[in-house]
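Two complexes are shown next, each including chain A; its partner changes from chain B in the first to chain C in the second.
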Partner chain A sequence: MPGSPLSTFNFARHQRELAALSAFAILLVLTGIVSPSFFDPANLRDLAVANAPVLIVAVGMTLVILAGQIDISVGSQFAVCSMLAGSLANTGIPVPLLVLLVPVAGGLLGALNGAFVAKLRMPSIVVTLAMMVVLRDALRWITEGAWVQGMPSGFQWFGAGQATGQVLIVIVALVVLFGIRWALNNLGAGRTVYAVGSDSEAARLAGVSPQQVVWVVFMLVGALTGLAALLNSVRFNSIPSNSGLGLELKAIAAVVVGGTAITGGRGSLIGTLIGTALLGTVGTALTYLGVNPFWEKAIQGGIILLALLSDILFSRMTSASIGLRREGAR
Partner chain B sequence: MNQVVSKYSIAGLQSAPPLLARIFPNQEWALIIVLLVECAIFSALGTNFLTAGNGFEIVRLSVEIGLLALALTPVIITGGIDLSVGSMMGLSAVVLGGLWHDAGWPLPFAVLAALLLGLTGGGLNALLIARLKLPPLIVTLGTFSLYRGLAEGLTRGLETYRGFPSEFLFLGQGYIGGIIPPQLFVLVLAIIGVWWLLHRSIHGRSLYAVGYSSEGAIFAGIPVGRRLTWVYVMSGFVASAAAVIYVAHLGQAKSDAGTGYELMAITAVVLGGTSIYGGRGTVLGTVLGLFAVVILQNGLRLSGQPAELAGILTGGLLLTTIIIDRYAHRRAANPLSKVTQSIVDEEFEVKNSQVAILSAVILTAALIVAGSNWALIRSLQLNAGSLPARSASGTAASPDEKSKLVIAVMPKAKGDPYFASCRQGAEEAATELGVELLWDGPTDLDPAKQNELVEAWITRGVDAIAVSVSNKEGISTVLRKAREKGIKVLTWDADAEKDARDFLVNQATPQGIGYTLTDEAARILSGSGEFAIITGSLSADNQNEWIRHIRARLAEKHPKLKLVGIQPSDDDRDRAFTEAQNIMKTKPNVKLIMGISAPAVPGAAEAVKQSGRKDVKVMGLSLPNLCKSYVHDGVIESVILWNTIDLGYLVVHASKAVKEGALKQGMTEMIAGRKGRVVVQNDEIILGAPFIFNKRNIDGFNF
Partner chain C sequence: MPEYALLKACNIIKSYAGVQALKGASFELHAGEVHALIGENGAGKSTLIKIMTGAVDVDGGDLFLDGQLVVANSPQHARQLGIAAIYQQPALFPELSVAENIAFGIERKGLWSRIDWHGRRDRAIELLKQMGARISPEALAGELSMPEQQLVEIARSLGAEAKVLIMDEPTASLPEQDTQNLFRVIRELRDRGVGIIYISHRLEELALIADRVTVLRDGQTIDTRLMKDVDRGELIHLMVGRELSDVFPKREVQMGDVVLEIRNLSSRRAGINNVNLTVRAGEIIGLAGLVGSGRTELARTIFGLTPADEGEIRINGRPVVIGSPAEAIRHGIAYVPEDRRRHGVVLDLPISHNITLASLNGLAKFGALDFKREREIAVDFVNRLEVKTPSTYKPASTLSGGNQQKVALSRWLATEPGILILDEPTQGIDVGAKAEIHKLMCDLAAGGMAILMISSEMPEVMGMSDRIAVMHDGTVLEVLSRSEATQQKLLSLALGDNLGAQASLPA
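And now, the complex of A and B:
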């Protein structure tokens, strides 16, 4: 691979995206051979709709990880925002207001995380661990497991009907992804996320306020989680009180499999898209392949480890030619 | 200690550090204050909190998490993390059980093999982290899934190994000298071992150097890779040792052992002042952090507070301690900038704010506890006339004092709509009878929580305990202990071993449920066709038992009915939705989807509804309220359940009757309030057969 200059450049920058993409391709081909009905448009549509909310959360998670932080409270935020969406809808407020309010509520939760991390300089993994437990248990205490039901008919699919609603959800997810990707690559604010993530001190000396960037990023992940919760809620006509369990791990795994460095400063949203698609498809593909569901968790763990190993493999192959070496992991 | 030495030598101070800093190099005194406050609050609010027996119970509860926390302390000090320890416990438990039970190995060899497995699992982490220099968070996130997945795959999720010899169980359940739990010695040994390693050995000192600056450590000639390898291997080993104790404690080995323990262990470590960035932390802090968490849980149980409060307060405590820590160590984050002579002065400045924040938090916590307690008492008084709160004596009811009976009822899980509706009935009965109802249960899937709660209720001295059992063999030991102490024990919803309880409130036998589900499925499919099941989690005991009876009934009565697939939903509505979609697409001949967990039925119904297929029907075990709209749409043909409100109602009535001697062995019926006469068969109180809800009758029920 370190042959022509062009291929060296591409592989060095997008090695992990390519690795995830090839894994995804292998999975698709394998499933396609065993069970061609996997490529049935209805199945692809269902997969896209089910994974769109996860994708939105994973986009937020990518931002946080790029900035060198982590947020493991997104699952609990998701549950709180879902319940809020249902309860608000039941008060009869108009849908556009709902679309505004739920992400704002998520943003407030995120801002709280951000305040602890940015202003009080606390480690994000601890802050969000505490937030995860507090939000989840508070919700359990308040709802006692009751579901929110009996939403007005305009709630499911935003009243637009199933076919339109499904397309809408996927489009919103993709718009979020590509919009933020554009901002990350082309706006000054976007570049500062990378700057803070790769070297916070250098970013500060260059005139960027790392605290401000981190705070905004946490607020964004909260708002995106709120949006995802809303989009997920409108797929159904009732809202369970325990939604979003394990969502944080799903999102982090998708981001990491997509090649974003957990140490911050390096990664792309296209990678996150591939990672989400790969991990979101595995479960369904296994059902099509007739693999026993008992092994699903083990296979997902294996994918994460393989993604990491492929990273090393590619690094070894390319580092000699471009003189880069991985930083030692802390 | 290392920390102090390094800090003060940087500052160039000649004199020794102040005494407080020498004993508590990492602000551990703050935790001691927290512990004291916890003890003060709970000895006022709780019943029998400050007793030697309860002290030892607290130790027993903290051993498994404590071992993990002790193993994680060096890991975190090197700046790493190990998320896989809880999953490693599950894998070790399963391998231990499998080798002993299926492969017929002698138990000591099986234990040895499990420990070796821990070394290997830790070795895999170490290989990836120390040799290949991959980030620990992600590596162990991967092995977190991998190990748990292997445990589930190896046992198909449903194998539960039971019947361990009593000498082995003694390790987890016995008492030395009638009061001291044997695990205590393991914990003490582990504490001494890790303390010596971290604070008294050169090896341990080098771990701080690695965590403080990995690069610096390399230049100082420390073999960083070898040190890291060692730390992660030990973490895997300790995790499997914790698994062995866990198996002995619960009397069963199953793939869900240790679920969520990694987070509790990390909480204890971080609470103890170990910096998540590495380079700083003490064993004393970890031990104090561990007890702060465990005593909080235990105290809340003994004072009858809901289990959710433990999570909320732990989270709050965690944030507060870190804030204190941050203020105290502001400069530590940036060691090279301004480390000058003012350290000692600032140390004093900081203390005021620390004390202020600490007091604020303690006050808030106390207010929350007191407030909810006040609300509880008030609601009881409103409901049942004015009666004073239960006196602290707690033991057998004194004859002259007309104190209220305390009946403790435990669901399998809180936050489940099924049990929420049972609670309605239980509260109705409690108000009617003028008894005090304690309703509490696990908030997560950890099977050890039920045992811990029963232990707490025994210590508290309740009059009757009624449990919906999620782990038959494991809980029977503590239920027997409760009976020895004169507490009446009932089971409901799912039974324990027969000699561990006085009566079972039987809403329907697993056989009855399985048969009714199968017969109803046969009716819907007119006797022949394919159907699939969506279950809760693959390791849930009762659901696996229902499936067994469904298979038996199929073989016996409905040979043309074919069960073609069983998919898990983890009790998550959204996952059930996806699984139903997959079933419809991969198995087009399936004409009926049977959900056997409450959220699975509406989830599957929504999937069928959205697919637009009119030829697929949904049925199963769920709550009428969750399914009403689908029943009216014609997607759900029928929902099978008993009257859950009546079940909760009957449990409280029966508990009181058994306690007061109104219901004894050999009676054939009892009177239960608005339910009237209820049939009693031997030691079972019969609620009635499962009920089939359908289009015609479902609107008459509201739960």
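And now, the complex of A and C:
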């Protein structure tokens, strides 16, 4: 746990992160043996850049899931923010302003989700399902399927050139991850996210406002999705109107594989980093291993099931040793 | 009245997580009698009937029906044997119609047989008519008022054509007219040879309806009497009975100024009505009353969980408005809730995080949490309250009940409150931990804290309190000083005896 000296590092508590890390290591070693060219710097760089936006969304998703909620509208939010970024770039507004506006727009979409869930107490899966469909179809209607193209050169890689731009994207993603990890561990607000996700009523009795926490995490996932969309858009010279399809599944899968409990209250962003890396690498690694890439999705699904299975087995083991806990809950 | 034992429970033993609820209770029900079962809160009545209905497993002792030993009891098995029960809180399916709810309890057809809708409806109408209830069988159960739901529940149990019918406080939410109807139906059933177990806190009712009465106390059967041979005072004496066997470490403390003053406080949502109460620094006030009398609701109102809509709360003489727990905490109020396993601690969080959860603001150094201080605070409380754990990093779920309660207490002591509200602080914890918590309460009071303690345990209330406020029906009926209070007096007040007398006595 945060702040605890290294000597008290609790292997049991980080069991899920370690399991995902081991799986990732095995994948890397295996691929490295069969096909050393996988470790070609260019390949690793491409993998990192392609997965950086997913990582940022997964960080936001971790917050939402830790607080005991879910947001399946991030893919649609991502599409809206991507189109917005391209369209704004084409109006010629200064890039720094753009960098500010797109995450704010995402934050507003998230705040809308949060308002429905926190204030009106609607179930988040339904609210964000509706939001997913509404945003996606509104976008289709407005753009009529057209792509945004011809963005000014100052927009591509933020005008910094491909090499620098790529490094920038990866650095931003890591700064976001470690910054939010720090906040989650070191700010009182971060602590309340865990408390609300673990037992909302107990948190309320301790003077925390669960509604406020829930609203803020939805706002954050929106803002982070906006940021991810922006970073993704500058990589290409055209932005498809259907970008971000299936992103919600990628993000949720990364969070779950990283050891965060889908029921909230338990998990870590380091786990999410490992989960994103594992799931984001599998596809490419399979190609290097000579496996038909059609297997990618099936293997990703298998990894998710395995992760959940290990969670259940593990909690059986611990609850057997604790004994009283479930008994008391009756 | 045929005099053979229809249902017989012998030496029933049951404990929950180490706490003995029943220590060899026995009970005998004849066919064709109404047998009242009474006792204080926690005497074991509910546990005993749950064992009869198969809702909980028995640890020891035997249950006989018609002279046959009942083995492997379960709700389904009990129903097949002809034991039906209605509980205090109606347990209907809110989305289903009244007729369906009634049918659910009584139809014995297979899962694949076709539903006879007309038959269902007619049966429901007939049963409701027996009860004198004017409720449409098509109405959804969730749309009915509480008393109406209770009537449907009763109609369902009538339809079950049980040999043994258990009624747990059936009149708690019934208006007078319906109560009369219920009594008429109970008598008809009795005359048909049904054995009825009737649980009620309204002693005056028992004289009207019961043939015999059995008194439970501390998980044991005290006595079974003919109802016509006992009077009210005798029953109360049997229920209370014991001397103060536990020793309480209560000491006299120099009292300070009034810290908390409540004037005409009402909260419609919480069912709190015109409450007056004062608590001084260094004083422990016991809040006594039956379950449902509004004690917890009063605490939740003071703590801002169900904000008051009328009246005034003054803290240190200044009127304050408390609209949320966060505001209550700012005013120095702490509330350790009942049912700590669910809400007193956050099970997944480590002990240290649980202890600091309500005082995170005080823990920040330049905005960030100061882990060193957090650890110091946690270790300090763990040592002071003797929480038994190898490390403050262990999740709260690894602790025993008593130790969880100490962590819950620590969380609130860490906020350095002026007013501490404890809701059943020692419920379900072992004797050793209990004594430690009592001692801690005295130390806190000696340090000038104002303490409001809710407890259903009469010896605890009498042993720990400087004054005792007795609640009934959402209001404080009377405040007794330590010397005035006797168990008899408290219980008879809690049962609502002095209604119409002076409403409250602010000290």
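Heads up, the rule we're going with is that the second predicted complex is superposed on the first by the 302 of 330 C-alpha atoms of A that agree within 3 Å, B and C clash if a C-alpha of one lies under 4 Å from a C-alpha of the other, contacts with A are read in each partner's own complex, and residues count from 1 in each chain.
As a working rule, contacts are C-beta pairs under 8 Å (C-beta built on N, C-alpha and C of every residue); 3 or more make two chains touch, one makes a residue touch a chain.
All figures in this text were calculated on a predicted structure; none of them were measured in a lab.
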Chain B versus chain C as contact partner of A:240, first or second or both or neither: first
Which of chain B and chain C A:28 touches, first, second, both or neither: neither
Which of chain B and chain C A:232 touches, first, second, both or neither: first
Chain B versus chain C as contact partner of A:40, first or second or both or neither: first
Which of chain B and chain C A:191 touches, first, second, both or neither: second
Touching partner for A:294 - first (chain B), second (chain C), both, neither: first
First, second, both or neither for A:101, with chain B first and chain C second: neither
Which superposed partner A:133 touches (first chain B, second chain C, both, neither): first
Of chain C and chain B, partner touching more chain A residues: B
Shared chain A contacts, counted only where both chain B and chain C touch the same residue: 328-329
Footprint of chain A on chain C - complex, ascending: 17, 305, 324-326, 328-329, 335, 337, 341-350, 353, 356-358, 360-361, 363-364, 367-369, 371-372, 374-375, 391, 393, 397-398, 400-401, 411
Sites on chain A touched by chain C in the complex: 1-4, 8, 10, 185-188, 191-192, 194-195, 198-199, 201-209, 265-266, 322, 324-325, 327-329
Touch list for chain B against partner chain A, complex: 79-81, 128-129, 132-139, 141-150, 152-153, 156-157, 214-215, 263, 266-267, 270, 275-278, 306, 308-312, 314-316, 318-319, 322-323, 326, 330, 333, 414-417, 419-420, 423, 443, 538, 567-568, 570-574, 577-579, 581-583, 585-586, 599, 602, 606, 610-611, 625-626, 629
Contacting residues of chain A [partner chain B, same complex]: 35, 37, 40, 42-43, 46, 50, 70, 116, 120-123, 125-127, 129-134, 136-138, 140-141, 143-147, 149, 162, 232, 235-238, 240-243, 245, 249, 252-253, 256, 261-263, 283-284, 287-288, 292-302, 304-305, 308-309, 311-312, 326, 328-330
